[in-house]
Amino acid sequence: MGILVNHSTRAIVQGITGREGSFHTKLMLDYGTKIVAGTSPGKGGSYVHGVPVYNTIYEAVREQGPIDASIIFVPARFASDAVYEAIDHGIRVVVVITEGIPLHEEVKFVNYAKIRGVDVVGPNTPGVMTVNECKLGIMPAHVFKRGYVGLVSRSGTLTYEIARELSKRGYGVSTVIGLGGDPVTGLDFIDVYERFLRDNETKAVVLIGEIGGDAEERFATYYTKLTYKKPVVAYIAGRTAPPGKRMGHAGAIISMGMGDYKSKRSSLENADIPVAETPSQVPILLESVLGK
Amino acid sequence: MKLYEYESKEIASRYGILVPRGRVVVSPSEAYSVARELGVVVLKAQVLVGGRGLAGGVRIAESPEEAYNIAEKLLSTSIRGERVEKLLVEEKVCISRELYLSLIVDRAARRPVYLISEMGGVEIEELAKKYPEKIHRVYVDPGIGYTDYIARVSLQVLKLPWTLLQDIANTTRAMYKIMVDYDAELVEFNPLALTCDNRLIALDAKIIIDDNSLYKHPELQRLYGRDLSEYEKRARELGFSYVELDGDIGVISNGAGLTMATMDSILYYGGKPANFLDIGGGAHRESVREAVKLMLTHPRSRVLLINIFGGITRCDEVAIGIIEAIREIGLIKPIIVRMLGTNEEEGRRILREQGIEVYSEMDDAVKVAVELSKR
Amino acid sequence: MGILVNHSTRAIVQGITGREGSFHTKLMLDYGTKIVAGTSPGKGGSYVHGVPVYNTIYEAVREQGPIDASIIFVPARFASDAVYEAIDHGIRVVVVITEGIPLHEEVKFVNYAKIRGVDVVGPNTPGVMTVNECKLGIMPAHVFKRGYVGLVSRSGTLTYEIARELSKRGYGVSTVIGLGGDPVTGLDFIDVYERFLRDNETKAVVLIGEIGGDAEERFATYYTKLTYKKPVVAYIAGRTAPPGKRMGHAGAIISMGMGDYKSKRSSLENADIPVAETPSQVPILLESVLGK
Amino acid sequence: MKLYEYESKEIASRYGILVPRGRVVVSPSEAYSVARELGVVVLKAQVLVGGRGLAGGVRIAESPEEAYNIAEKLLSTSIRGERVEKLLVEEKVCISRELYLSLIVDRAARRPVYLISEMGGVEIEELAKKYPEKIHRVYVDPGIGYTDYIARVSLQVLKLPWTLLQDIANTTRAMYKIMVDYDAELVEFNPLALTCDNRLIALDAKIIIDDNSLYKHPELQRLYGRDLSEYEKRARELGFSYVELDGDIGVISNGAGLTMATMDSILYYGGKPANFLDIGGGAHRESVREAVKLMLTHPRSRVLLINIFGGITRCDEVAIGIIEAIREIGLIKPIIVRMLGTNEEEGRRILREQGIEVYSEMDDAVKVAVELSKR
């Protein structure tokens, strides 16, 4: 089980011959991910860590059959095109690692994907991983133990930090998903939580938010209205961030009066979602909501 | 990247939107001569921070002499930490109503949306909190783009006379075109005013360009970073995400979320972070060295807390970078290191040899840093 | 019953103050159609045949509540905008009478509607009418008697001709739909037939095609594969039309080797759909398939 | 509206697509001088009908003298009824492969689609029938527009070397831009050729503009109708849809579908229609009069069949129009009228007074017309 990807997911790496693409292909293969092909225009016919490289997905699908998921490492200027290529060739999960894609291009392809029922993870994401089954991302695999906590986050290293805290206390993770650090992403907390609700294995969800936007507030409103729910514990980064400044992520900017820490925290707490003060408090709060 | 009011108005004007006559000045005597030409004028400090009006950055001058005096005053002040270097001196326009009109990218809907309100002149954030029902939204499909009915709806929401349909249509259409042509995140006219003689005029204008799209606009890219402090500029040049704060514990971390969590933990344990510095993923010794040098020499920070979660980033590389920085600058302030992950043992050994203790737990490291900052 | 529109459909007329709009508003009202509002930018506040006129649909909906269907009479240059205005204000059936809309504009709004589940009838259509319930169109109402035949057509007057032949032989019509004479239309034969399949009242369908495009051929292929079906009888106009010439309708041009009479007729006949030689033969064939 | 090959190539060339060097000529001596400049040349009759090649409209000339002779011959012929008035004289290009590439609007999918095939030089209709699997389709979302992978897929389908990626990308991108800029229904290069020295060149080009969009392109609108016969032009000027056929029964009807059905019924009952003339909906006496006058004077038609289904159209107006036309021209050939609907009785009375019988049933009217045409 787990969500979005699993042991039977057949994946392709777009931009497999690049430095990042090649490096992480190795790590994903080591993890057991079924990478059946890679693309790199003009480099078709070669191999990267034993994975056949094609010039196009058109060719990859023709040779290897249908492909379920893609992970994109191509540079920002070519990333939108890679997303369209993936969607137009029947790929249902598209993980966009690439950082720095123009906002209006993201808006376009994210809508395009949504209409077609395709899940876009990212852009600017560490990826998605169903622990011990399939890793489509760049996260350090060893900090994640398998278990029943669903992890959904707008952050990278902070997620690993919290996963490590969970492990220390004996909690494992079903699937971990980085939504992506940009203002507009393919999936949001609500989309992912709905999947976790339907996943038999996942018993609780840890939500890792940060300042900027109103994704956490919207989740709180949504969560309040649910009749069937699984417990959620949250951590929000950025309490000390000043308004109007971009804190690393393009998405982590408090502007237009939206998205400050106070608003997020009170929304979540009003929805009966406990918010941890430090990463190390997350498993403690989890214990409390799970009634151990 | 935010554009100054005068830049935004230049663009708006090029797209056919009416703005007050005026000029940018950098000296009181220039202000004097513009005022002599235009009569009663408004002097507006050109800064990128918000809340300019409340901070006294917008003033009316009835005479050229008064314009001179106000300009002299404004050009010697700072507004919320930002030095005023330019003023926009504009004719004072007779207005009957102040309206609000903007086009932004709505994160939740993942589309551009027009925000339209007949209550202009207040900040939209305030309006959204106090009178959310007074803001009408019209969403735009990114695949379709602008459609004409948006103008008709805007006209009705703004309660404008039907004779102004072409004017409002020119404005709404131009806003979308500006958003597309300039890769803007925001195009805002607040207030958009109805003049005493029934014309629409943009009294204030604000355009924010998407940073990720700047490469498509070389003329704007050159301006990038102009609103940064000297320190922020240096950090950016070194390739780091950097934000200046007002505390005394210097922070270096990897990943935006973890860096913020480190800052927040400092606050939680009673300290105050001096900055946000994210060295990014997979940093090598060189960039670690430069980051550490930057924060060692950072005047306000009394302690330096380094928090690295090694995934792609290798701990031994981080350790070597720290050591190299200390060799160059000297251990002029305490450095607290928390390191985890790839090659952790080797990194720990390197630092211990230099007498620097390495913590495994973030909480422990933060607590010690806070304690040291209070000595 | 019947499809798309019925006695409870609340409709708006876009372009109600124009010559055509005003004239047909009268006829539709006479027929019993519930026209609750009309639009005409700048003419809000007036009335046309007792129907209140608004400047925008935004205003009409605010004053009159939700509206189900729209009929558009505005000139070709403004028609696309009218379609978006209708769709964006929650209208689910949009009838575009307007002729001469640029092709690429049609392509865009037809896709836009499809994604949102909105039915566009036309452009360049006589409209849709569920007999004795609701007329959203410009067809002469008196030739249609109520009954159990669904009528779907790419033509105007030819449809009336065939409806008259049906009446003469005692056949009535449930709903009549003009798909529209342009190369790209919102609904095609398959879309409409699927509705007729679900309509309890409709027992048989008369399909009136013409040369150009491959809508009839695609319907034949689709029909062959159906397990549950209602009988279909067809008439195809344009046997004597030369290739490469536009026969009145922009859609009725045989080009790219597609869409000639022979191809359409043989496709339909291979799918066991009898094709009438003249309009007067349609009811005779209907009799044969209904097994009278 | 179809553009001539040379016009399509001019556009393609402006959008950066390589076409053979050449010039349009209207006389043999011009052809001579172009050939002297370019060497071995191809002379191509500029006509809008299809099947030019099979009809002998494309010829190679090895010398200027030969070019002169061929041009003289071609410029005095007609191809499938269309007079040859211009020739395109082009350098003969050494080619290694002929490819097919087009962009059309797919009715069923309601989107633009690229048709790509390595079997160029044959008509796409023929290719589609014989080797449908040899045509690769790439659909384009109208809201998204062109995306670069289309070029990579085209390259692979066309089995071109990877070094030509930029060339094919320029071509596919330009095709989309042409479709958008010119509101084209079709942009076709057949053959698109791979030259002996590995370049891509458009040996033939075809662009069809959407008639409904012509108002956006005044320079093209002026050309509209140039491929019509004199008769067709007159009918269009009067506001009718008109197509010339080769039979002897003149047809006037209302509505495209009913007009075609009338023609088809004529064939079914053993006659031959002379034309397609749709007077449209709601026609008044004036336009009926002009239509009847046109067909009364139509040289080939021996009988005139008028079939009106009155909905918006009023039968009395039609009747008066017919009578007026007869008054002007005389009843120089039999007129068979079938009329139904609004004010039918009055129309019937008016015509009966002039001795013209009115039928209620289409079949009856058609049968009589066919019979009369055989006398």
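Every chain is named by a letter (A, B, C and D) in the order it is written, and numbering of its residues begins at 1.
By definition in this document, a contact is a pair of C-beta atoms (placed from the backbone, for glycine too) under 8 Å apart; a residue touches a chain by one contact, two chains touch by 3 or more.
Quantities reported herein were computed from a predicted structural model and do not represent experimental measurements.
Q: Where the centres are mean C-alpha positions, what is the separation of chain B from chain D, in Å?
A: 58
Q: Roughly how far is chain B from chain C, centre to centre by C-alpha average, rounded to an integer in Å?
A: 54
Q: For chain A versus chain C, what separation do you get between their C-alpha means, in angstrom?
A: Roughly 46 Å, centre to centre.
Q: For chain A versus chain B, what separation do you get between their C-alpha means, in angstrom?
A: Each chain's C-alpha centroid was found; their separation is 27 Å.
Q: At which residue positions does chain A touch at least two other chains?
A: Only 108, 112 qualify.
Q: Please output the residue numbers of chain D that touch at least 2 other chains, ranges allowed.
A: In chain D, 141-144 touch at least two other chains.
Q: Draw the chains as dots and join the ones that touch; what shape do you get: line, ring, star, complete or other?
A: Looks like something else, not a line, ring, star or complete graph.
Q: Please list, in label order, each pair of chains that touches.
A: Result for touching pairs of chains: A-B, A-D, B-C, B-D, C-D.
Q: Enumerate the contact residues on chain D facing chain B in the complex.
A: Residue list for chain D touching chain B: 141-144.
Q: So in the complex, which bits of chain A are touching chain B?
A: It comes out as residues 76-77, 100-104, 107-108, 110-112, 114, 138-140, 143, 153-161, 164, 181-184, 188, 208, 210-211, 213-215, 218, 235, 237-242, 244-252, 256-258, 277-280.
Q: Spell out the part of chain A that touches chain D in their complex, as residue ranges.
A: Spelled out, the residues of chain A in touch with chain D are 41-42, 55-59, 78, 80-82, 84-85, 88, 108-109, 112.
Q: Along chain D, where are the residues that touch chain C in the complex?
A: Residues in contact with chain C: 49-50, 104-105, 107-108, 110-112, 123-126, 128-129, 141-143, 179-180, 183, 185-186, 210-213, 215-216, 241, 243, 245, 253-261, 263-268, 273, 276, 278, 281, 309-312, 340-342, 361-363.
Q: Quick check: in the complex, which residue numbers of chain D touch chain A?
A: 138-139, 141, 143-144, 147-149, 152-153, 155-156, 162, 165
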